[in-house]
Each structure stands twice: as C-alpha cells, then as structure tokens.
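Two complexes follow with chain A in common, the first pairing it with chain B and the second with chain C.
What follows is the complex of A and B.
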C-alpha cells in the first residue's frame, strides 16, 4: 500500500481531524521530555489521535497489515524516550481519550480512559474523598495511560506504592488488534497476572484503552515539614533515623543546594537558600497521629543537625513547598541549557556513600550535578548539567552517568526507580540482568508481538531480538563454564 | 495545506526583532505547560501547545522549518498569547516575548493581502495610533448605534461582504460621556495617602468610562489623589501582540514621556492587558538607549488597581452587597502579572458577598485582544466553555477585570439570550461603598445592553 492509500485508510478510521501526516506538523512529535541530544530526532510517518478503543484497534490492525511500527504516546512527558518513533511508523496519541467513565466508590475503583491527566483524576475524585495515589512530578501534565506504561512512581510511593499497586484491571489492544480485559474489581484473579505484566511494559506489549484504577481514601490530616541541613550527609542520616523510628511518611524528599537555588529562582517556594540540603517530609493519616509524628520527625531532624525546621501551616503553604519539589527538573533550565537526568535506586543505607561518589564524579568530569530525590525509598535523581553546544561535553556526560549507574548497581541498586527504560537505558539493562533474564523478557515480548511492531527497539537492549538471542545465550553459557565461544 | 514555493523561502529568523534563541532553548520540553494551554485543551494536538510552538520556533531558528511554512504561521496565529504556560513553566521561558517576536518576523516576511494591510493600517495606525482620533471615531460609533442607519446596515448584508458581521455584533454600547486624559485632578477624600495617575487607555476611556469613574471614586475614597495626566496614549499591547513592535515602541515612548513624573506615587491601570504591557516596557525598549532606563523607572510604578489597593490596604470600609459572584480571571492579570490573590482578597472584604469559584477560572475566555475577531472558531469554543463554567456556579454576577474579557462575556451572554450582568471588580467595590450609605445600591445590577 502506498502512502496516499494508507493515509486515506487512516483518515477513514480516525477522521481527517484525527490524522496528522504533513511532515512539518509531525516535527512536534519527534521529541518527548527526554533530552534530544541523546535521544535524537525521530519523526513518525503518521500521527493519529483516536477517540475510541475501536479506532485504536482498527489502526493497529491496519499497521499490522502494512507492517508499520506502532508507538503509543500520552502527554509526552516521559524522560526515557519511550514515546519516540525510532523506526518511524504510526504514533498513536491517546490524549483525546480523556473521559472518566465510571467512579464506583463501593467497590473502590474508577474506570478511566488512558488520556486522563493524572492530577485531574485526583481533582475529580477529591469531592468524594478519594484520590489516585501515584503522583509523578509531572502529574499535572502526564496521563494515566503513560503512568501505566512506565509503572510510574512519585514522592508518595514511599507509603502508597507505585502505579502497579493501584491498577486493578486494563482494557488492552493487543498487537494483532484484538481487544481484551485483564484483571477486574476483585482483589485477586486466578491465572497469569496479565495486568502485572502489562503495567510497566512501556507500550511494547499492547496499548491500554481503559484503565481500572484503585481509589485511595484521602487522609484525614496532612502535614508538610521542611528541614534545612548543612549537607546531604546529615540529611541522609536524618532520613534513616526517621524510617528507623518506625515512622512511615507519605513522602520523604531531599534536594541539594544547587536544586534549592534553581527552585527558589523559579517559584520563591520559601526554601532556605543557604541550606546544603533540605528534606521535605509529608505525614498523613489520623489527626492525632500526624500531629504526634510531625513533632517526632522535627525532633529527629534537629538531632541530626537540622538548623531550621518549618511546618507548613496552611494548604497554600503546603502546595508551595510541593510546587518547588515537583517543578525541580524543569527549573534546571535556569542553571544550564541542558540536563541529563539519571533515575536510579540504591538501598537507603547506601545513600550517603552514593552521594559522595556522585560528588566525586561531578568533580572528576567537571560537570555540575544537582540532586533531587525520593530519599525515603533510595530513589536518586542526579541531574547532570551541561551545554550541548560545548564540544566534548556530551561525551563526558554519557561517561559520567554510566559511572553513576554502574556504582549504584554495584552497591545493590538498580537502573530505574520510576521513569522506565525506554530507549535511553535499554543498553544498560545488561548491567542488572543476566543474558537468561533478558532472553526470558524477549520471549515474553515475542509471544505478545511476534512481528516486533509494538514500540520497537525499546526496553530490551540491542541484540536481544529474535535471532540474536540464541547466540547470546550460548555466549553466556560458554562464559559461565569458562569455555571459549567461537 | 499549501507548500511554500522555493522562491519565497525564508531560512531562520533575522533582524532586530528575532526571537531570542537563548530563550527558546531554555525550554527543556518537559511538557508541564500542556494542560494550561487553552488551544491544546481544545485540540489535544502537540502543534497547538506551547511546547509544540516553541519547538516550531526552534526548528525555524535552526533552519529545519521554513519561516513561511503554513504550520508555523497558523500556530503563531492560533496562540492566544494568554501566557498561562509562562506562569507554570519551571524553566522560566518568557513565552510572550518569543511569540511576539515570532509574529513580528511573520509581519516582516510574510506577504500580506491588501485587505490585511488595510485593516492593520486602519486599526493599529489610524485608530489606536492616536487617542484623540480614537475617541472621535467612538463618538461617530455612538451616533451610528443610535441612528436608524444601524438597522439599515445590518439588514443590507454589507457587513457580511466586508467580513465585519462578527466584529459589529461584538461592539459595546458607546456611552455619551468619556473619561479622557485632560489633566483633571480628583482630590483624595479623608486622609490623603498619596497621588496616582490613572492610565486611561482606549476602550476603557470610552465604552468603559463608567469603570474609570468607579476607579476614581474608589481611589479617592481610600485617600489617593487621582490625576488624569494628559498626553497619554494607547498602551500598545494590541500592536505588540500582533507583531507590530515598532508601533508599540512609539506608543510606549509617548506614554513614558506623559506619565514619568516624580510627583506620582503610582500609575494605576484597571485593564489587565494594558497593565501587563506597561510593566513590560523595559523589555520592549531594552535596545533603545535613550529610553531603556526611563522605561525601567516608569515600570516600577505601574500597578493594577486591584494590586495597588491590596498593597496599600483599604482605609474605607465597604458596605454589604448580598450578591453571589463568580470571578473570571483575565489572563494578563493572572498569568502575565501573576495577580491572583488580590482580586479575591478585595471581594472577600465586602460583607455578605458570596464568592463561588468557577472551574477553570484562569483558562482564557477566548477574547485575547482582537483574537476573537481573527480566530472566531477557537474563540467561540473557549467562550462557550467559559460561560458553561461560569453559569454552572449559579452566581448572579460575573466579575472580571479587563475590558476584553468583559466584552467577550457580554457578547456570549447576549447570544445565549441571558441577562447576567458582567462587572469589573472595581465596579463591585464601588457599589459596595455606595451601599454603605445608600441601601438601594444593594440591588442586583442589570446586564449591559
């Protein structure tokens, strides 16, 4: 089928208004929120904006017929290049599917379309006394579908868990165009947990067209506390002390000096500019317990050298403190033209040592690194600042971030806390997974998508596609038994 | 879509009014701006989002997209310049600046039709270029509105031929009395706390002269002398937003000359769009060495009237108004000037007034200067959404603080056959002051004709 014929067919499915095919209009789909220096520019051949699951399914069938890749996309706030059309193809943008279809308080779920904006779902649920717990920093823009794809986390995951803990069921269009439901409103379904497999699969196994999310009760009371420390080390010790005391905050976030400065410039959130690090602690639950724990946390922070502890008194003050944290990545534009964001996780006790290593690497590679992270669960976000127009800088950034990742994996951590693997980190997968692990994942992918048309070249490292896997397995076996592979 | 012929290609931006590449590249395309953008929320297309538009600008700057490419031109025009994106941008991209300069590039390089050139000349240069002419034209308009000619013209179909049907329907009723900058002085009542100039502007001084009168009453009642400094002109916002930066600069210089006085404590503005413009004169004139310093000194004195009243505090106690109101935020107040709390503080200062917040109160109503005339489809989609949100509150009065929004809302309500009054916030405050002594003022106002 030639381009014109394909265009006509697509237009019949989604309507002329739902199809973009002018190369100049498609320019704006060649990026997502990942840095283009590393991700490059990848223009899809077509972009469609379907309004129903039936349309998604019809587009997928057509793509299958002509052998074009299919890439799902929500708001394009992903940081790992997951929504890029690496091999061209049809980009399916789900932002027009943005209705909240059902809210069932008695059974504790809501059914929403994938394009619903995360924060707007929580806002809609609020009058009924509920919210959707996963709260990535991009929550005011990102979509629930994107959260499902990336198994997104956020500050409140410390207490509430990541996206997968809040998804009860999914309606999915499979790579052959078939539409199925997985899971359901009951807590446990027998058989293979397909919902679990699909959450976090980054659009490589199917396209979610409806999401059944768990409703979480809004806490009775919330308190947010800001503690200023002389450095990251003391703040890290305070973090460990809070957790060791048996307190489980809703969120426990840390920001370093550089980040505080950028955020203050951007929003005047009231963070102390002189602090070497701040902890932002949110406690929620029953009134009495929150009040009590706030006192205890404040006391623990002071014991660990906090020179200022401030408790937000009103909702406005709480929101302002959070605004600074949630906009920290974007605010980096004030410090340098580009940043490279590393998303990695280490065991909490390894935080101080990891931070020292990050500081060393920052000096070694002559690159400023800002740190903002979910201290409570050891999820680090070092932001390496640079200017792509300065020669040699991009290469230094790549080497430096690889070193950071390697160190984190060495001390028992992993590659990604919450942003996904996408395109950006696929080649690092070998740092944490054995060849056997990766072969198993590739096998799973094949059983869903034998023609490799669904979000191709994402998640799995290059070399882990059908034919190549067998060779790798033999190499690995040979290595394990000390044989030479020829 | 028409392809750009080879002969008319324009690579990259050029000249003095080119969008700053440093500003463009501050955008790290995080996408946080998307849901704040009215045109994105209607279309859900990336090209109609702030991030998409910045990417298009960047592509033009890098020579990957032609300046005259229809996608670029369409998107620069479809943008409302409401600057909601700017207020939520963590990277601090000054979106308004790069949009206005992008439009300036289009004005310079894109061939304009005879009709467009004529309208630009008539509107920007002749009407808004001189306030004396503008007011004379307004007097003619009043005569037209009251004469049988109007019915005749409307029936004749000539408006449709000229493409002015929509514009004619939008026109506010022109009153007999204008508030003109003729040097008049209104002394402070009670204890004197300072002296301010009122920025009179264009349509505020004619169709909304009653808002100026209310502003003067509220200010004098609170202890401020008000001067109608002569020589002031249109603020130039409509020019700058349409890419006519040179004309905007000329007006800015004349306003600075008229209003820079050490004897004034503040220059008070009651139109959000004008206030935002006056505060941005330093940016507009930054390369004009004889005016850049003066522009900075001038801009620090500019205050929106609501901002000023909260900053200095009310000394007179407003009377009670037993109304329910909802507040529609003008974009250039909420986003460009970041004034969101002060209007609510003032409304809360009025006893018995019930404030019912509407959904999406800071999402543009579609007026956006002359946008509603240029992009009627998008403007009316946004207007209907705004009216739905406002009416859903059940409020008896819709309150705003900018003439553009008020015109737009009034036209929308008229079209729906509803008689819900739209008032400037300062009018509400003025009524509350009157109500303190005259109980009749507590009655609900009637909608404008």
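What follows is the complex of A and C.
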C-alpha cells in the first residue's frame, strides 16, 4: 500500500481532523519530555488522535496489515523516551479519549478513558470523598493511560503503592487488534494476571483504551511536617528512625541545599534557606493516630539534629509546604539552562552512602547536582545541571549519570524507580539483568507481540529481538544434554 | 517440532534422582493421582536442572510446597514428578531497616512470621496452617486474605521474583527495592499462575511495621440485609479497618458461638487508637437489633487465622469450596441467593466484604456437589472451585467461566513451557 492509500485508510478510521501527517504538524510528536540531546528526535509517519476504542483497534489492524510500527502516547510527559517513534510508524495519541465514564464509590472503582489527566481524576473524585492515589510530579499534565504504561509513582506511593496497586482492570487493544477486558472490580480474577503484566509495559504489549482504577478513601486527618537539617546525612538518619519506629508516612520527601535555594529563589515557598537538607513528611489516617504520630515524628527529627520543625495544620499551610517540593524541577531553570534527571532506587539504608557518591561524582565531573527525592522508599532523583552548548558537557553528563546508575545497581538498587526504561535506559538493562532474565522478558513480549510492531526499540536492550532469543534458548537446552539441535 | 530435544523418559527419571533426595510418592497425591517419583531439591539450580530434564524427557512435573493449597487446580493431565521445594527455605536477603525481605519459595509462613516479628515487622497474611503453607505456594495460587482491605494483598507487596524455567534457566524480575519499573513485571506474570509458566524459587516483598495492638469488633445481626447495610456503612467510612468479613449464622456459631449474621471488623494500630477505632466502628455498623463484642489482641489473631481455614484451597475429600467474586454492594444479594438455593448443602459462608469475595463450603454427595457447582459457576463476576473431591472436578474447569484474554494465556504457556512440563492441564482452560 502506498503512502497516499494508507493516508486515506487512516483518515477513514479517525476522520480527517484526527490525522496528522504534515511535517510541521508532526514536529511536536518527534519529541517527548526526554531531553532530545540524549534521545534525539524521531518523526512518526503518521499521528492519529482516535476518539474511540474501536478506532484504536482499527488503526492497529491496519498497521498490522501494512507492517508499520505503532507507538501509543498520552501527554508526552515521559522522561525516558518511551513515546518516541524510533522506527517511524503510526503514533496513536490518546488525549482525545478523556472521559470519566463511571464512578462507583460504593464498590470502590471508576472507569476512565486513558486520556484523562491524572489530577483531573483526583479533583473529580475529591468531592465524593475519594482520590486516585498515584500522584507523579507531572500530574497536572500526564494522563492515566500514561501512568498505566509507566507504572508511575509519586510522593504518596510510600504508603499507597504505585500505579499497579491501583489498577483493577484494563480494556486493551492487543497487537493483533483484538480488544479485551482484563481484571475487574473484584480481586483474584482466575487466569494469568494480564492486568498486572500490562501495567508498566510501556505500551509494548498493548494499548489501553479504558482503565478501571481503584478509588482510595480520603483520610480523615492529614498533617504535614517540614524539618530542617544540617545535612543530608542527618536527614537520612531521621528518615530511618521514623520508619524504624513503625510509622508509615503517606509521603517522606527530601530536598538538598541546592534545591532549597532554587525553590526559594523561584517560588518563595518559605523553606529555611540555611538548611543543608529538609524533610517533608505527610501523615494521614485516623485522627488520633495522625495526632500521635505527628508528635512522634517531630520528636524523632529533633533527636536527629533537626533545628527547626514546622507543622502545617490547615489545608492552606499544607499546600504551601508542598509547593516547594512540587515546583522543584521547574525551579532548576534558575540554576542552569539544562538538567538531566536520573531516576533510580536503592535500598533505603544505602541512601546516605549513595548521596555521598553522588556528591563525589558531582566534583569529579565538575557538574552541579541538585537532589530532590522520595527518601522514604529510596527513590533518588539527582538532577545533573549543565549547559548543552558548552563543548564536552553533554558527554560528561552521560558519563556521570552512567556512573550514578552503576553505583546504585552495585548497592542493590535498580535503573528506574518510576520513570521507566523506554528508549533511554534500555541498554543499561544488562547492568541489572542477566541474559536469562532478559530472555524471559523477551518471551513475554513475544507472546503478546510476535511481530514486534508495538512500540519497538523500547524496554529490552538492543540485541534482544524475540525471535532470535527463542532459537538461542532451544539451542542451549540441546547443548545441555549433549543432544543434537534439529 | 523444530528444535525439540528428547531424553528417554527412563534416563530422565534417573537423572532426576541424582538432583535431590527421593521421597515417598504416596505423600504427593494430587486429585487422587500419584507421581512416578517425588524428589526434594535443595538449590534453585537443582530446580532449574530438574525442569530441563523433565522438559527433555517429556515428563510432567508438579511443584510442591506444603501441599496446603493443593486443592486448587484442574485434574492433572499427566503427573510424573513431584518436586518438593521445602528444602529451599532460606531467608536470603533481609535488612530490617529497608523494610524488604527476599525468601526462598519453600519458607513456611510460621518461620517467616517469627523472623519478621523479631524486628517488629510483618507480611499481612493470615493462615490456619502456618507451619505447612509456604510463601511460594501463596504466590503461585495467588490466594489472599481479608486484610487485603487494609494492606493490599501479597500481589501488592511482591517486589521481586526468581523462577526456574523448563529450559533450565533461572530468570529474575523486579529486585529488592520498593519502587521499580525496570523491565517487565515478571512478579505479576507468575503471581497466581499456579506454577504453570515457571517454578517460583524465590520471592521478594516489601514489609509492614507490626501494629502495636489489634482488636476485632464483632457485630451480630438478626437479618442478612441489616448486616450487609452495616458492612457497607463501615466500608464507606473513613474508619479504615484492615479487614471486613461477614459470617453466615452457621459459620459464626462455629467461630464465635453466635448463630447470627456476624460482621467482623479488624482494627490494627497503636494501643489506644485501636480501642477508639473499634468504638467508632460499632457506632457506624450498629442497628436497632444488633449486638457488639470486641475480641482482644490474642483472640483477634486466633479468630482471623482460623477463619482463613474457610477461605483456603486445602484439599477436600467430601466437600467443595467455591470462591465467588462480586462487588461489595451486591454480595448481600449473592449470599441471599446462595442460602435460599443451596441451604441443604451449604456448610460455611464467609463474605470478604472488604475485597468483594464470597467463600462457600458445601458438603454433600458427589452428585449434589456437581449440581451445586454447575449452578454456582454462573454466580458473580467470577467463580472458582478452590477445592473439591476429584470425582466432582471431572469434566469441569475449576476456574469457572473464562475471562477474556485466554488466547494470550495460551501463547504465554506455549512460550514459557512449550513441552507442557509444568502442571499440565491444571491451570485455567486446562493449560
């Protein structure tokens, strides 16, 4: 089929206003929120904006027929290049499918289309006394479908868990165009947990067209504390002490001196400028427990050298304390023209040593690094600051961030806590996983997408094409028993 | 088939014997069927090797923990080898300050709970038979407990997995950190897949602090409808009980000595707070004719672990146990129907109102039980026969109506277990 014929077919499916193929119009779809310095830009052949699941399914069938890759995309806020059209093809943008279809408080679920914005969902649920727990930093822009694809986290996943813990079921278009429902409003659906497999699969196994999310009851009481520490080390010890005391905060966030300074310059959130580090602790639950725990956390912080502890009691005060944290990435523009955000998780006890290593690397590579992270669950976000126009700086950033990743993996951590592997980190996968591990993952991919048309060149490292892996495995088995491979 | 390799079955059996110690096959009966050999292996590598040997020899293998949940599954299509994993029982990685643990599959829940409680931590699991039930068995069957309402299930807490595959490899997914999106979610691929895609040799979990105090509020009601209203009022409140179950009168009589519909709400937290929470729950759940009691800490632990005996997939020889998924707001209707149609054979009925699951145990003749299943399979959102005598299972899929996506499950099976070595026939759609 030639390009014009394909264009006509696509236009018949999504309508003329749902199809983009003019280079100027496609420009914005050459990028996502990953830095093009590292991820490059990749033009899809077509971008379609379907409005129904049937349209998504029809586009996928057509792509299959002509052998073109399919790349799902929400708001494009992903940081790992997951929405880039590496091999061209058809980019399916789901932002026009943005209706909340059903809210059922009594049974604790809602059904939404994938293009619903994360924050809009929680805002809609709030008056009914519920919320959608995953709250990534990009929640004002990112979509629920994107959250599903990346198994997104956010500050509150310390207590509430990540996206996968809040997805009850999915309507998904599989790579052959078939549309199925997985899971449902009640747990323990018989069979393989396809919902669990699909969440976090970064659009490589299917395209989600409806999401059944768990509704979480708003807590009766909430308190937020801000504690100022001389340095990261003491703040880390306070973190450990809080967890060791059997308290499970809703969120436990840390910011270092550089971040505090940037945030204060930009937004005047009222953080203590002199602090070497601040901890932001949110507690929620039953009134009496929150009141008790707030006292205990404040005391633990003081015992671990906090020289100031503020407690926000009203919603306004709480929002103000959160403002600085939520605006931290945006404030980085004050410090440097560019930043590279590393997303990695280490076991929490390894945090102080990891932070020391990050500091060393910052000196070694002559790159300032700001730190703002989810201390409670060991999810680091070193922001390596640079200027892409300075010669050699981009290369230094890459080397430095690779060193950070390597160190984190060496101490038992992982490559990505919440941003995904996408295109950007796929070749680091061999740092964490063996060939056997990756072969099993390739087997999963092959079971869903034998033709490898769904979001190609993502998640699995270069060289882990499914077909090749299958042959290798059979050969290995033959070799083991000294048998002939036929 | 291209690439197929074959070992003579006898040679395969002999090789298996070299991989571990032989056990008495009589102790490894599945649905009335005995394996040709039973071996107990002591390392993950030996498990992987055993799988490769079986795959190459065309032998069918059933992985075994304590056997406490062996009631779940269709009749085995073939059964040559029982692979006992209880020697794989080590806690491999436990740093209490990280609130994570990595354990081998054969670790019993009793041992695990002991280790964790020494550090004031827990996995929020209940079991009536903690010495016997293994962590691997719980992951493979995917069966939870009513504390899912407060803490999530093991599915929510699993952060890493290692499985042995029929091609003789060991494959890991996830890791030892609580937030991890590196690669596909292999944990959930195997969670609840009944060891049909790989044999779980290790699993990692995030842990929770052990609550200082526990109490259970029991509220008894004259009528089901009244009880259900109380249960739903609590469910919709902000009072955050960690488990919420409704016991039918017969079951309640056996467990707490009151032959009335009995709502049990579990409270866990700091000492004083728990007391106040139970009090507030009572105000929310109570109706004009209800009575309320409180079970103290030790009684609470005993109550919920013995109740779990009515929710488990323990093999049964003269009864069936059926799990039905239904949204909480319709559980009352479902219970009413069950009671009215099957009262003559209905022995126990527990509604996990927090989760949206009903567990019915029925006692009767094979014919009665087969008739009951033919009816119950159509109930709710899904229905599964958790345990039944093999005569009752014949000709049925114990996993009930098939969900959508069975074709994908079949492809997963073909990819991961092309020779159909693992639990052949036992999983959904006779995979």
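We take it that the second predicted complex is superposed on the first by the 467 of 486 C-alpha atoms of A that agree within 3 Å, B and C clash if a C-alpha of one lies under 4 Å from a C-alpha of the other, contacts with A are read in each partner's own complex, and residues count from 1 in each chain.
Methods note: a residue touches a chain if its C-beta (ideal position, glycine included) is under 8 Å from a C-beta of that chain, and two chains touch if they have at least 3 such contacts.
Note that the coordinates shown come from a computational prediction; the quantities given were computed from them, not determined experimentally.
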Broader residue contact with chain A after superposition on the shared chain, chain B or chain C: C
First, second, both or neither for A:378, with chain B first and chain C second: second
Touched partner set for A:174, first chain B, second chain C, both or neither: second
A:339 touches, of chain B and chain C: first, second, both or neither? first
Chain A-touching residues of chain C, taken from the complex the two chains share: 2-7, 52, 55-56, 95-100, 120, 142-144, 148, 152-153, 155-156, 163, 165, 167-173, 175-189, 191-193, 197-198, 208-212, 232, 235-240, 269-270, 272-273, 276-277, 323, 325-329, 355-357, 380-382, 384, 399-400, 402-409, 411-412, 414-416, 428-429
List of chain B residues in touch with chain A within their complex: 1, 25-35, 44-47, 49, 51-52, 55-56, 59, 64-65, 69-72, 88-93
Chain A residues touching chain C - in the complex, by the definition given at the top: 104-108, 129, 150-151, 153, 157, 161-162, 164-165, 174, 178, 180-182, 184-197, 199-201, 217-220, 240, 243-244, 246-248, 285-286, 288-289, 292, 345-349, 374, 377-379, 412-421, 425, 429, 432-434, 436-441, 443-448, 459-460, 470-471, 473-478, 480-481, 483-486
Chain B-touching residues of chain A, taken from the complex the two chains share: 20, 22, 24-25, 27-29, 31-33, 35-36, 49, 75-77, 93, 95-96, 98, 115, 117, 120, 138, 140-142, 265-267, 327-334, 337-339
